[in-house]
Amino acid sequence: MTVQRHVAVMACVLAATALFTAFCHDQFLLSLAFTGLIFAVLGQSWNWISGYAGQVSFGHALFFGTGAYASALFATHHGSPWLALACGAAVAVVLALLVGFPCFALRGHYFSIATIAVAAIAEIVVVNTDALGKANGFELPILPPGLASLQFAGKAPYVLVALVLFAAAQIATVALEHSRTGYYLRAIRANQEAAASVGVDARAVKVTAFAGAAAFAALAGSLYAQQTLFVDAESTLGLSVSIAIALVGVVGGIGTVWGPPLGAFVYTFLARYVAALYGGHGRGFDLLLYGALILAIVSVQPEGIAGIARRFRART
Amino acid sequence: MTNSTPLIAVRDLEVDYAGVRAVQGLSLYASRGEIVALVGANGAGKSTLLRAISGIVRAASGAIAFEGENIASFEPHTIVRRGISHVPEGRRVFATATVRDNLLLGAYVMRDRAERERRLAAALATFPRLQERLDQRASTLSGGEQQMLAIARGTMSAPKLLMLDEPSLGIAPLVIPAIYAGIREIARSGTTVLLVEQNVREALAIADRGYVLQTGRVVAEGTGADLAGDPLVQKAFLGL
Amino acid sequence: MDVGPLPQLIVSGILTGLLFALISVGLTLIFGVMDVVNFAHGEFLMLAMYATFGLGLIGLNPILALPVVVVAMFVLGALVYRFFVKRLLAGPPEAVVFGTFGLLVFLQGAAQFFFTSDYRSVLNPPFSGTLHLGGIAIGEAQLAAGLGALVLIAAIFGFVEYTEPGRALRALSEDRVAAQLMGIDVQRMNAFAFGLGIACTGAAGALLMLTYQAYPRIGTEFALTAFVVVALGGFGSVHGVLLGALLVGLVEVLGGYYIAPALKMLPVYALYLAVVFLRPQGLLGRR
Amino acid sequence: MSDEPLLRVRGLEKRFGELRALDGFDLDVAEGRLTALIGPNGAGKTTAFACIAGAQRPSAGSVRFKGREVAGLPYHRIARLGVARTYQVVQTFDAMSVVEAVTVGALLRRPKLSEARAWADEILGFVGLHAKRTMLGRSLTIADKKRLELARALSTEPRLILLDEVMAGLTPTECADAVKLLRSILARGVTILMVEHVMEVLMPLADRVVVLAAGKPIFAGSPQAAAADPLVIEAYLGRP
């Protein structure tokens, strides 16, 4: 896709979401939209490293959780949630550098399993740390609503803030695709050895992308914490969160700008639809459907829904 | 079947290997009991030809007739059952398995236990040095012994056609005569041998007939003795 | 000299490790033969545990249910290979990772949907007492599970080492092309290996029901441990698995006691990271 | 210092377990010339390339490039110093378009994407691949994949380019085109070291050939002298 095309699609998506937010008064739908946007950002940041660079991570919740915890802690003890956002992202970047450097010496499944292990270690540490509320998690202080406190009376403003973050992630991804790093990432995925032969320092490039991805995932985590005013280990750091993030990426289509948002949309839509059909019993059925969806997509069209769309466009 | 039909006949074969059309319209044959040498420089397509015959690589076009049947699209395991055994380049013995297990794997397609034991005895008679190493891991063998093991393993399925890819490559010169003696003995027992060699003079010396290959085609053929004196061979080898 | 609880812990660690070994041997077998990391491995374990639970409802205790479960899991594994994994292997390299990952999500979702998130334990446990051996107290059920795993591991080792199909499996995992040249039918052996790997996990699932409860997400927990075990032993190394599993079992039990029960997995993961960073081929693996 | 050749290799060794793929390899490559490395199968030519370019770490020995020791440096560092290469088995970025793949190389000296794209286009014109710039790497013919590799290597503006069997699998016309291309690369001031087995191609092209056998150089001189050298003939054909 050309940049102009991306901008056009982007404008449509932003306008549609903004209109929806302005006119929808169903708090449940709004909170779904918020979740969808958060997962779009998470899936997109996962896509940088697991899609463009082809290094499949099953531990991406590490950065979501880092952002959530770091910003929640900062907001509790020092005030401004806006500074907390920055603080969460900074901590995640440092962590990504520390974790990425050794992990990117590994390839294939060794890397994938290492990401699971690192995220699991983080979860265990958090669950056993008093200052982080152990397994129970902790609540954020309630402040007077307003942009300064990043707390609002209704859900709609949260959706708009998430929309801004989403737009930033999309713009960053388009920029990445048109940058030296983006070219290098795709070359590494295609053939790491050949990439090295033209001077690509694969590990440095991957670590760089990892740090950027971590920053976005952490921002998503911070927003999530600000919106729910509560963080706990399982719902921010757990393996199931990592799995959901990868799911969004795989279903939507890896290595594409619009795959992860598409995957996030399907993910939240399915969850909502299923929950409506099956009430409280729906837990599990959504996973069943996503699983079936992945199985179908992988056996029929490994490039995900975005790949199907691209193939369709190529034919017409 | 009369002796006039060759055991194997390759016609107009085209094969791609590693992104290159390594065999380009190649035809040759081998009759029962013959030793046929395939010689030529690097990249002449010799190994690729053997891989196509054993089914490891699928031919792009052309025919491979074995006992009158076109086997060009068969799976490798079916081809082994038909009676073709391929001793690949670089020996490729199962390093962590014992010598005995390597040999027994060679007889994987033989269901009859007694027959398997007979083949084992025959193989050990051909290469007596393997006898005392039966329970050692293959990785502990020297290069020459590993080559003997690879050839012996290749004979375990009682093949009608035995294909050997560079049996003298990377082997200490002192051991080569023992390997060649083994090959001669295998041929004497009635097995047809297709021998790919870098070591042209050695190969042509034991071959009944030979083919000179260059960039995927046959550029000369004749009896071993004729080819050995042919200046064309030297030219083909040096890529002139 | 008072040795404290150490002997008790070591016995417990070994028994736990044996079960890990049985789960992991299936994972490493599949990897060795066809280079597939089965991310859904734990979910097959979970299925086997539910199957054992179900057979308990019709009166079979886990030990009696074991052969039934093993056969069923073997067939299931072979079918999953034939109709799913085989197709993935023909696709791009990520297909296998994402495919088995999809299987994980699917099976876990199915379990949650059909069996709910409740914990289920067998209603007719055949062992419930405690043995006291020279100051060491061992639950009979735990002992039975460990010994059962030991017997089955020995059987698998014997099978791989001394039988014709076992030789073929070893040949395939060492050199696929050379194995084909021996006349081994790769697709058939792949299906067989996948079935066998899942059957091992199935046996472990049945034995686990002696001491554990089944719930939809139990698979992920054990799978994580199995990945660590297999990476420690070296991917594809059947013998490495036993070493890796015993090590992980001991580290987990000792860590749980001497550090804190809630932290017991911490040293296990740390061990994994240390090994892959310093010796990526595993303790016994070859490069 | 000034009389040291562009590339100077001394006593290079590479061991894989027991096997000595390189065993005291020496080589001088003069600036602005075309030097060819030839030798029979398994002589260690591709390993020599890998060790010089940094894809593999030599076990011992020295590799000096532009008067600087580079043995054991990471692959990408050596590329940055000005060594580029192609592969015996083509290694293209299959999922990227032709122009994107070459842009990856061009980005080494031109970090700005627009400049790198422009440079990639220029190089594609130079190798004659411009018309196919939007095709995916995987959909190219073998000859075009080789051109693509060459373009990718050239786009890094190397001082020395290592070409591993660029002629293999090409038709005679494609070969003639490739020879022309090599001449124009030399004319750009790029030094070439190439592995090739078609001596016919090298005769008019190479300033100097080095013959490698069993990991050691056994001859260095003109291509004509190499073809007549008894040691070289023995290495290729075996002992008389």
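By letter and in written order, the chains are A, B, C and D; residue numbering begins at 1 in each of them.
Please note the rule applied: a residue touches a chain if its C-beta (ideal position, glycine included) is under 8 Å from a C-beta of that chain, and two chains touch if they have at least 3 such contacts.
What you see is a predicted model; the values in this text were computed from it and never measured.
Colleague: State the chain with the largest centre-to-centre distance from chain B, centres being mean CA positions.
Modeller: A
Colleague: From the Cα centroids, identify the chain that ends up most central relative to all protein Cα atoms.
Modeller: Chain C is the most central one.
Colleague: If you average the Cα atoms of chain A and of chain D to get two centres, how far apart are those centres in Å?
Modeller: Centre separation, chain A to chain D: 43 Å.
Colleague: When the C-alpha atoms of chain B and chain D are each averaged to a single point, how far apart are the two points in Å?
Modeller: It comes to 32 Å between the two C-alpha centres.
Colleague: Using the average of all C-alpha atoms in each chain as its centre, how far is it in Å between chain C and chain D?
Modeller: 48
Colleague: Considering every pair of chains, which are in touch?
Modeller: Listed in label order, the chain pairs in contact are A-C, A-D, B-C, B-D.
Colleague: Would you mind writing out the residues of chain B in touch with chain D in their complex?
Modeller: 18-22, 41-43, 143, 166, 169-170, 198-203, 215, 233-234, 237-240
Colleague: Considering the complex alone, what residue numbers of chain C touch chain B?
Modeller: Residues in contact with chain B: 164, 167-168, 170-171, 174-175, 177-186, 286.
Colleague: Report the residues of chain D in contact with chain A in the complex, numbered from low to high.
Modeller: Going through chain D, the ones touching chain A are 53, 55, 74-77, 79-80, 84-85, 87, 91-96, 100-101, 103-105, 107-108, 111, 113, 116, 137, 152-153, 155-156.
Colleague: What residues of chain B sit close enough to touch chain C in their complex?
Modeller: Those residues of chain B that touch chain C are 54-56, 75-77, 80-81, 85-86, 88, 92-97, 101, 104-106, 108-109, 153, 157.
Colleague: For a test of understanding, state which residues of chain A touch chain C in their complex under the given definition.
Modeller: Per the stated touch rule, the residues are 54, 56, 58, 102, 105-106, 109-110, 112-114, 116-118, 120-121, 124-125, 127-128, 239-240, 243, 246-247, 250, 254, 283-295, 297-299, 302.
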